[in-house]
Amino acid sequence: MPKDALGVLSEIKKSFITKQIKEGRRGDGRKPDEYRELRIQTNYVPRANGSALVELGKTKILVGVKIDAGEPFPDTPNLGVFTTNVELLPMAFPTFESGPPNEMSIEVARVVDRGIRESKMVDFEKLVIEPGKKVWVVFVDINVLDYDGNLFDACSYGAVAALKTAVVPGSKYGGKDTLLPINNTPVSVTIVKLDDVMVCDPDLEEEQMSTTRVTITTTEDGHIRAMQKGDLGYFEIDEIRKAIKMSSDTGSIIREKYLK
Amino acid sequence: MPKDALGVLSEIKKSFITKQIKEGRRGDGRKPDEYRELRIQTNYVPRANGSALVELGKTKILVGVKIDAGEPFPDTPNLGVFTTNVELLPMAFPTFESGPPNEMSIEVARVVDRGIRESKMVDFEKLVIEPGKKVWVVFVDINVLDYDGNLFDACSYGAVAALKTAVVPGSKYGGKDTLLPINNTPVSVTIVKLDDVMVCDPDLEEEQMSTTRVTITTTEDGHIRAMQKGDLGYFEIDEIRKAIKMSSDTGSIIREKYLK
Amino acid sequence: MPKDALGVLSEIKKSFITKQIKEGRRGDGRKPDEYRELRIQTNYVPRANGSALVELGKTKILVGVKIDAGEPFPDTPNLGVFTTNVELLPMAFPTFESGPPNEMSIEVARVVDRGIRESKMVDFEKLVIEPGKKVWVVFVDINVLDYDGNLFDACSYGAVAALKTAVVPGSKYGGKDTLLPINNTPVSVTIVKLDDVMVCDPDLEEEQMSTTRVTITTTEDGHIRAMQKGDLGYFEIDEIRKAIKMSSDTGSIIREKYLK
Amino acid sequence: MGTASDIKLIDENNIRLDGRGPDELRPIKIETNVLNRADGSSFIEWGGNKIMVAVYGPREAYPKHNQDINKAIVKARYNMAAFSVDERKRPGPDRRSVEISKVVSEALEAAIMVELFPRAQIDVFIEVLQADAGTRIAGLTAASVAVAAAGIPMRDMVVGCTAGKVGNKIVLDLSKEEDNFGQADLPMGILPKSDRVVLMQMDGDLSVEEFEQATSMIMKATKRIAQIQREALTKKYEIQQKEQGE
Amino acid sequence: MGTASDIKLIDENNIRLDGRGPDELRPIKIETNVLNRADGSSFIEWGGNKIMVAVYGPREAYPKHNQDINKAIVKARYNMAAFSVDERKRPGPDRRSVEISKVVSEALEAAIMVELFPRAQIDVFIEVLQADAGTRIAGLTAASVAVAAAGIPMRDMVVGCTAGKVGNKIVLDLSKEEDNFGQADLPMGILPKSDRVVLMQMDGDLSVEEFEQATSMIMKATKRIAQIQREALTKKYEIQQKEQGE
Amino acid sequence: MGTASDIKLIDENNIRLDGRGPDELRPIKIETNVLNRADGSSFIEWGGNKIMVAVYGPREAYPKHNQDINKAIVKARYNMAAFSVDERKRPGPDRRSVEISKVVSEALEAAIMVELFPRAQIDVFIEVLQADAGTRIAGLTAASVAVAAAGIPMRDMVVGCTAGKVGNKIVLDLSKEEDNFGQADLPMGILPKSDRVVLMQMDGDLSVEEFEQATSMIMKATKRIAQIQREALTKKYEIQQKEQGE
């Protein structure tokens, strides 16, 4: 996280936020398990095979899915290919620079990718055109346009929403266009610790103040499909238990409300 | 343009040049529409399939053309492939550095490429060996050896001269060697504005003093095939009209004299 | 050589070493033609097709050989492919940095490669699976773990030892595993000049003090197969003669004792 | 320009494939302040193009040896999203986008009062989210709005517009098919107050007369586009004033 | 996780392919000070994994603008030798190793008293010489020993350990086959004195109950691994004291 | 070295494919001051080789942390034009050119009075425009002339020359065919006043006797080549003096 990008938070502001959070209130008035206003607009880029513009508070990302025929990996000849890429566009934040993916964008991309892959959301076995030779290759490209914290969840929601509405362009090869085969809906929820209080969906100020972070992705069955602890601090086992519950509960709401 | 590479021009020199140019004279005594001494030596590198050493005043560049069989682009299966590359060799100027192409070398390469491509100088339809599978690939590599301004024109003349004498090495694949099929001869002329006076073929001092630049490529029929305005200033529409005429007139002379 | 990596040698230490060497003694008590303690442990990485851990004094390197089927080079359709790569791991020395190969690692890799290739140690004609189409590709990857001088010889001994025990994995393609076909055993010996005294197998202190360096690779027949002079100084022809003899004599001992 | 095709791009009644007349623009919509983090931003829809622009600065130029002691440097970066075109584009700059970034930077710098900000840098990030022919001039048009929205003083706006030749006729604002199969393409960047040309590229085949015709078409369209720019900015100021009024 | 396979990874008697029971670790051996040049070093063999770790620092952070005026920064670099895996790996970092380097750096920094060394940098180079499942947690375990061997003060050691799910059963310390064909993988980094979690990643499918079971298995194993770490370090100190005594 | 071939490179009368005797050089021609911008320059034709060299410096070494407080550093960059060889070469350095740049830099530094220019850098750019065997020693020979033409003080010139083995015979100055199909190649860089060796590489198969023979052939040729270098420089001085005289 770019701690000092906008100038480090002033000590006064910090102690104010700390005091508030101990009383259960967050800077913007949210409760600990409350996520920011979420807006998802699918099919924002008709030229893509699937797309979604996501606004999570003031964080804004755009996901485009491109699907084309290609070769399978040698070790999985009967599965479609799936790749996830995150671009931290320099427009999104004063210190983001153009260039190859860095540590931060790679971590976000891999955590989003893992949640989708491990939940078996997309039925890759149905994405084979000619076994061992030709399969559908699904590219998920995530562009971060405006950064105000919690890229993990914003990018994950965008990828899931774009995939759920994505079309396999079979007509390009003499077949029919079909929806991408989807099995279930993974939802990721990211939780940070602010002075021992755990809150979900941190904005940038909270990210800068937090000591540690965990992203937990669950599916409809309440099972955990992917986790990623990050940042310098630690969690007690009990705190992880609490985080899993928070992710599962909040995740259910988000799934129902935005990712049907 | 590397404005301060040799130290910025002194103010005294600048005002002298400005005064002179208002009286219609340039630093080296040329008239506004007069190009520098031009020497083109083709077949300078016999190991290449075509080559030309160009001296335009003190600017010196060497073009080598390599032609070999390769795959066509998927969207143009029945056309030969053509690529232009410019290397600003570090030997050519104190601030040129080795490394991948930069903004300046890319712009020169693309403007040279565009003039040749858009004029339909080379008959790419005749460069097909096996339709959709195998075509002739033409590499134009331009090495800048000594830099004293106006790379656009020097590189363009070199590329045109090298292509006009280039041999398609059919004998390498059991056929016959033939000349590259050529339809016409595009000529690029670059014009800069020195305190509202438009002059062609600027040397480095003039480039450093100029406020803006335009490169215009025309063919025998007097038609415009490519244009590129560059640098920070502006042109009035009337000035562009004048530039087109200057390019067409001077271009005709150069075509007759050096690029037959 | 990283002259000032650990701080430049103090002048006192330098003049002490110089004085000693004029009396025929080296810093660690060795004679001029004496190499440091050498330990070679082959098959250190069973997952590789061949491997060797080499300790030459306090220099420690690990070589892994990977052999797999691949395409031959177009100009040598009936020969196996051989590549040598040296990684100066940042763990090996305070100023080594991760990143693409630099001048130093490329020179070491190329000198090691040349010694093996020019001595015709490996019988590449026997590494053809299907002429012109499929051959065995031999990758020699050398990782420098701890650096105390004379990488040329340490890496060369490791590569030779690993290749001599390497297995061609024919069983992977329905055939049998066989030993890599080996004809002979090149031995490289590196010699530096310390104030006009020539010593072999320099440690880092000696490298830092030496004025020039030569690496000479010989085979059982006493023939020279590869040489590389390096560093800023010079050799008299007579000194080269002496170096060749030193390399051949010391090389014979090392071949007998460690590379059988 | 000029890949052969049997498509008839314009008919005998001068009606183009998408129903437009020769001198008709595609629909254009500009919004400002669409991003929170940037100092200024804009979003343009021009035909099927969707382009977002963010401006940061003036801020200290970095690295320092790039600073100009007399003025700000303007660095535009034109970039296409991987999914913005039919075939997925690999992320990162290619030679085309390097060239466009250069000419767009130069066009903007001609309009911005760079002499007010010595040693500074003004970054303009142009992200093409969906591409549909004419991205460079749509991006330039939006960039000019974003610079103004960032409160950076300008001598004039910059308006981008293209004319071209299809079926031997000069037409305004090429569509994707016209761009792919047409005979010439002339993108220009104009300062509308003075009709000065700050960006011009051309490829294809134009006689001098055709060039005149194309230029005059562009010059007229420029006024209309400048009006859309002004409205986008006015709307912004209205909102700001309301907010201050509350 | 979860590539389909007919291999039966665990049988009805809870015996795993390599003969281990569900909560059994593979053999682990740690040595310290295996390198001369580094400030601290260690070598771990864990099952078929062979991993070498070198520590340099605390030294001045470079480039300077990376310095933190309040503490040292910890930069771990996880790297696989080209020959460490079945198919030769091209040298240099890939996306997986960038991610592992990041989470391992963060886990180590949580244990090191970084506040003692403002503006400094501690480099930890983790070189996987042979890979056999669980390289990141074996590397983390060895890295912690190497940092201690370099004499850098730590609040606690960091112990890495993995649990996973195979054949619907929770097992400790996945083998290569279990990693390739299992149902879940949960690598953790633990501070053994306090049971705090400083590294955690998971992929696959775990119910909440299975997560509990896996975590408790890891916590127990942590004590055993911490003991091996201590022994490796004690042996080192014994040798040093003998040397000083002589 | 040593790709098998049926070509007979030298016949029973010791006549080589191109008609030369064993100790005969190919034609060599050197010109100086062929470039305007560089501080010194030269052009060499050696057989079919065409190589241009430019020298810049001594100038302040950059970046600063590369400066040597005791002497100038010499950075030669050997580079082949894309069209200089039979198959087009991709622009940019490959491993071969990195190695050649290194040994050529070292050879030149041994001859230049670098101690006169602390903290400085001398750049030597060697561009192979057409390659025809022996480019590194032709480039070194020309580089030495370009350094002298730049007015940089040298202890001695550096002369490059190659001997090799073809058809079991030692011959001077290998041609392209001899280089491709011969048995050994021994390029050397010599200071002609002192016969000191500042560059030496070898690959192939040479007995000690053959090495002696090759070396003595090179040493003799060195004198001839040094003479050509001197003449190229003298011509330059003549021209300069005439110019000054006018």
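In order of appearance the chains are A, B, C, D, E and F, and numbering begins at 1 in each one.
Here, a residue touches a chain if its C-beta (ideal position, glycine included) is under 8 Å from a C-beta of that chain, and two chains touch if they have at least 3 such contacts.
All values reported here derive from a predicted model rather than from experimental measurement.
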Target chain F, source chain B, minimum contact steps
1
Starting at chain C, figure out the least number of steps needed to reach chain D through touching chains.
3
Relative to chain C, which chain has the most distant C-alpha mean position?
D
Would you identify the chain whose Cα-based centre sits farthest away from the centre of chain F?
A
Looking at A-E, C-E or C-F, which one is a repeat of the B-F interface (more than half the contact pairs shared)?
C-E
Can you compute the centre-to-centre distance for chain E and chain F, using the mean CA position of each chain? Integer Å is fine.
53
Between chain B and chain D, what distance separates the C-alpha centroids? Give it in angstrom.
27
Could you list the chains in ring order, beginning with chain C and heading to chain E next?
C, E, A, D, B, F
Touching residues of chain B toward chain F in the complex: what are they?
44-48, 51, 58, 60, 62, 64-66, 68, 85, 87, 89-94, 98-100, 139, 141, 143, 145-148
Write out the stretch or stretches of chain F touching chain B in their complex.
35-38, 41, 48, 50, 52-54, 56, 59, 77, 79, 81-88, 91-93, 123, 125, 127, 129-132
So in the complex, which bits of chain F are touching chain C?
1-3, 95-96, 98-99, 101-103, 106, 109-110, 186, 191, 195-208, 211-212, 215, 219
In the complex, go through chain C and note every residue touching chain F.
76, 101, 103, 106-107, 109-110, 114, 117-118, 120, 214, 222-237, 240-241, 244, 248
